[in-house]
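Consider the two complexes below, in which chain A is the common component and chain B and chain C are the respective partners.
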Partner chain A sequence: MILEQLMNGLGQGAIYALMSIGYALIFGVVGLVTFVHGDVIMLGAFTAYYSFVLLGGNLLLAILLGFAVSGAMGFFIHRICYNRFFNSPRQISLICTIGMGMFLRNLVQVVAGTESKPIPNLFGSGSVTLAGLRITYMQLFIFAVVMALVLVLTIFLNKTRVGMSLKSVSMDKTASALVGIDTKRTTTVGNMIGCGLAGVAGVLLAMYYGTITPMMGGNIGMKAFCCAVLGGASSVGGAAVGGLLIGVCENLGIMVFSAGMRDTVSFLLLILILLVKPEGLFTRRSR
Partner chain B sequence: MKRFLALILTLSMVLLCVAGCSNQSGGNDDPAGSQGSETPVTENKDPIRIGLSTPITGSQAENGVGTQAAVEIAVEEINAAGGINGRPVELVIQDSKSDPTQAAQIATMFTEDETILAEIGDFASGACMAAAPIYEEAGMVQLSPTASNPDYTLLGEYMFSIFGKTTDEGKFIADYLLKKYLKAENVAVIYVNSDWGVEAYDILSGYCEENGVNIVASETFFEGEKDFNAILTKVRQTNPDTVMLMMSYDSGAVAIKQIRQMDWDVQVAISGLAYSEQLITLAGEDCEGVYSEIGFVIDDSNPEIMEFATEFESRTGFAPNMMMTCAYDAMNMLAKAIENCGDNVTRAAIRDQLFELEGFEGLTGPKVFNEDRTITQRNFKIVTIENGAWKTLTDSDYID
Partner chain C sequence: MSHFLDVQDMAVRYGSVNALRGISFHVERGEIVTLIGSNGAGKTSSLMAISNLIQGTRTGRVMFEEEDNTHFSPSKIVKRGISHVPEGRHIFPKLTVEENLLMGTFGAVKYDKAKTAGLLEEIYGMFPRLRERRNQLGGTLSGGEQQMLAIGRGLMFSPKVLMLDEPSLGLAPLVVKEIFELILDIRDRGTTVLLIEQNAGLALQIADRGYVLENGNITLTDTGENLLHNDQVIKAYLGI
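Entry: the complex of A and B
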């Protein structure tokens, strides 16, 4: 039973990890506060829905579209919420993103309707059994995507010019500008990539759970925030591990207490870790 | 800095407009207003204004939009037939999001508007109960199509509900669905942590204790849960022969899918709340063979029901369910009661006439109020999903 719940937890944790990678990129690396992330994930989920309905069940196409549509939304979000308030206090952008989230939710309700929509799981119910534990192909695929993304992003951030300028902008805008980095353009790119990844998370999340609604963004956005902060927001890998950790703890929490305690467990964990290690689990030094 | 502030203000105003518009659209659809020129009711008499509080947005939006459409159909029919004693009916629609706080605010808004004479309430008990004290104090009828919490109508003389109580349903599930039909011995119950869910579970477990059906596990979750794997793994340990889900169709579809994904071959039953086409759309093949109970099914042999269902579907694109049909009945009952008031149409008179209404036969069955302003529901049927459609398994004479 414990092993099964551990597996359930890892499955769910992988979803959380997927959501929090984009969040960590925007919040931790680029240094932008955002509360619209959950709704961008929702946008990705709806892109998947329309891709499956209109263009057939092509997973790769859905993922690419999810990335493109959400990435484009990232561009607008940056335009509206960050660009104008670049040198203003951070809470102004923060409030803007909250408004942007409401706007997105209502927009999708108007365009797509209010009802829940079914999404086909292209992996079917296929699974492999390892030491008596069932792991579905869907879960394996999500794990693979999470690991690939962490790897690619880590290389991108540390080895490429754009990646390094992203990091430097988050450390010091003025100094970055002084050494010739176009700070606004760099953060736009960062936000677009982060939002694009949220879109990818939305596509996979939709397939994993099977149903989507325009209102799904609020709670998952908070979860993504939790995971990113828990893992140490500035590290993409840390956010992914934070996601897995929260997934596992929640499921073990359900085993011991009840499902009603799910969110209590994850937020308690967050508070505890923030008390002990305010900079997050996987950050070596505070910035 | 000023420019930033101005921008934020502009943005928030735009957002407010968007939010406002979504509410407004309900009001603008007001059939009495738009239909005025076509209908014979143009004697320039004061309209009879009725409030409708229903979740047009939010997680219950589908039921809410359906409720709105059903009530609008009823109003158009009434107005086409000459209104109530020559007065046209006018609807005032507000979006409650099925949220108790919102429902209470709407109650204040409706009761303060003296031209509104009665209200058709939310279909969910939680929202109705939050609004009840306000309607009671103002002396305005709150007629809920389906609020089934036994405590709801006890909150005041002006509270009405027309589709039975959770106690009726709970007894049916325990005695007839689980014990007699499914021959369940060990049942795991998963229920939503809401006013309705907790109440329904308490009642069900009470009756199960009486009739010997063993509840081996009970787990609860919050509305909006998407991952039931942990709960299912937990209840599976107790080896139940039947899983009873007490939740609405959106959670139900997810839970059923995940039960099947676990390769768990177990009988699954779900409460009548989830009876809808959407359950089948969302859960697809996985919901084949799931049992449920329902006090009302769209019956092809009844021309009146089919006429309503056809009209409803042409407007909304989906078939009406029990809640929506009850909302249609609620509007017609209200109209009948107001008609009986004669010239003296006041909030209090409507309440008295509604309570004394006799011989009203709605699409969802005969409606005669008990002392506590509820209706005893005995027309339950057992249904299942077969080949992607609901199929009735027993008739209402299944109750001995």
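Entry: the complex of A and C
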């Protein structure tokens, strides 16, 4: 029972990891928390819904579309919320992301309607049993997608020019500009990739929950924030571990309390961590 | 005749504060030119203005090799061959020494592996200490080593001009001496140097020419040698 809950936790945590990695990327290049992330995830979820309804049950296509649509939204978010406010007081961009989130939520409500939508379960209830541990096909699929994306992202960040530029901009904007990196373009790319990953997380969440609503973003966005802060806000690896940790804690927590306490567990965890180690679990203060 | 790097009538304001009040200075190819002055005289603002990194309002012109650079983006200015080693070094703390150096080749032309390796060798030749620490994280270096790394990174794309902002800041006298010898070496290898220093005595000893900045104005200009013996400079900056 505990092992099964642990497995559920890891499955959900993998999705959390994906969305908080996106969050950490954006926080890294922009240097500011964003409040539109949850709604970008929601956008990915609705993209999956329409992809399944209009184009048939092609998983790969849904994921690609989720990445593309949310990534494109990342471009607009950067244009609207950050680009022209680089030299303005920081709260302006922040408030702008809140407004952008409201806009997206309402836009989707207008286009898709306010009622929740069912997502077909493409995996049935099939599962494999490994050493007595039951893993559903859905979980296997989620693990595979998240691990593949993390692998690609790691290679991208460490081996390509654009990826290295992203890393350096999140470390030090001035220094990056002074070695000739186009910081504006890099920030745009960072936003697009971060939002694209959020979109894929949305697709996976939609499949995992089996039902989506235009209002799902609020809570989910806060969770992405939790996971990212847990891991140290701008650390991609830290965010991934933070996501897994919150997923596992939630699912073990609802064994002790009740299913309704799911969010309470994760936010309680956030408050505790912030009290004890405010710089995040995996960052050491550097001089 | 036009100058190699020519700053014309540069004024910088941060809100209601005037950091530079319309200064003009120039640097010729192969020179070491220094801007000296006390804290808040506008030294850092002059370099930031050349790199187009001012977070305020800026008027005036920057000409480089007879081309108007004033409105180029910071990254474009780097591509033109102007390297700026900022005050406080700004090295990447979570990258290793070697990765930091490699970042230096990012903005400029795309080098192939052999060319990059050659440049690395050249930098390691100038700064043997960096070679010893090549796999150490930038954030764990001492102040002097960080300054060397910042200069090394600034040289990685073979810039035409190297602008140094207070390279002696917070360093022990022996390390400062080492760094100033390196600056002479860099010039002798063909890179023009624009040096900003609070340590006027040292800067004037190695500089061909110098400008004295006071409250955002240039009050004096002469050869380094003459400024070193100028009564006004001695009284105000050399404290003898």
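A few points about this structure:
Criterion: the second predicted complex is superposed on the first by the 276 of 287 C-alpha atoms of A that agree within 3 Å, B and C clash if a C-alpha of one lies under 4 Å from a C-alpha of the other, contacts with A are read in each partner's own complex, and residues count from 1 in each chain.
Everything below uses one rule, namely that contacts are C-beta pairs under 8 Å (C-beta built on N, C-alpha and C of every residue); 3 or more make two chains touch, one makes a residue touch a chain.
Computed from a prediction, not measured in an experiment: that's the story for all the values here.
Residue contacts after overlaying the shared chain place A:I92 against chain B, while chain C stays out of touching range.
By the touch criterion stated above, A:L55 is placed in contact with neither chain B nor chain C.
Contacts of A:D182 after superposition: chain C is touched, whereas chain B is not reached.
After overlaying the two complexes on the shared chain, residue contacts for A:V110 are found with chain B alone; chain C is out of touch. Touch criterion met: A:D172 reaches chain C, while chain B stays clear of it. By the touch criterion defined above, A:A148 reaches neither chain B nor chain C.
In the superposed model, A:L268 lies in contact with neither chain B nor chain C. Counted by residues of chain A touched, the larger count belongs to B, out of chain B and chain C.
The contact surfaces that chain B and chain C form on chain A in the two complexes do not overlap at any residue. Interface of chain A with chain C (complex): residues 87, 161, 164-165, 167-168, 171-172, 174-175, 177-184, 286-287. In the complex of the two chains, the chain C residues touching chain A come out as 51, 53, 55, 73-75, 78-79, 83-86, 90-95, 103-104, 106-108, 139, 153-154, 156-157. Interface residues of chain B facing chain A in the complex, by the touch rule stated above, are 1, 3-4, 7-8, 11-12, 15, 18-19, 22, 56-59, 61-62, 65, 193, 219-222, 224-231, 233-234, 237, 249-250, 253-254, 257, 260-263, 278, 281-284. By the touch rule above, chain A contacts chain B in their complex via residues 1, 4-5, 8-9, 11-12, 80, 84-85, 88, 92, 95-96, 99, 102-103, 106, 109-110, 114-118, 120, 125, 134, 136, 209-211, 213, 215-216, 219, 250-251, 254-255, 258-260, 262-263.
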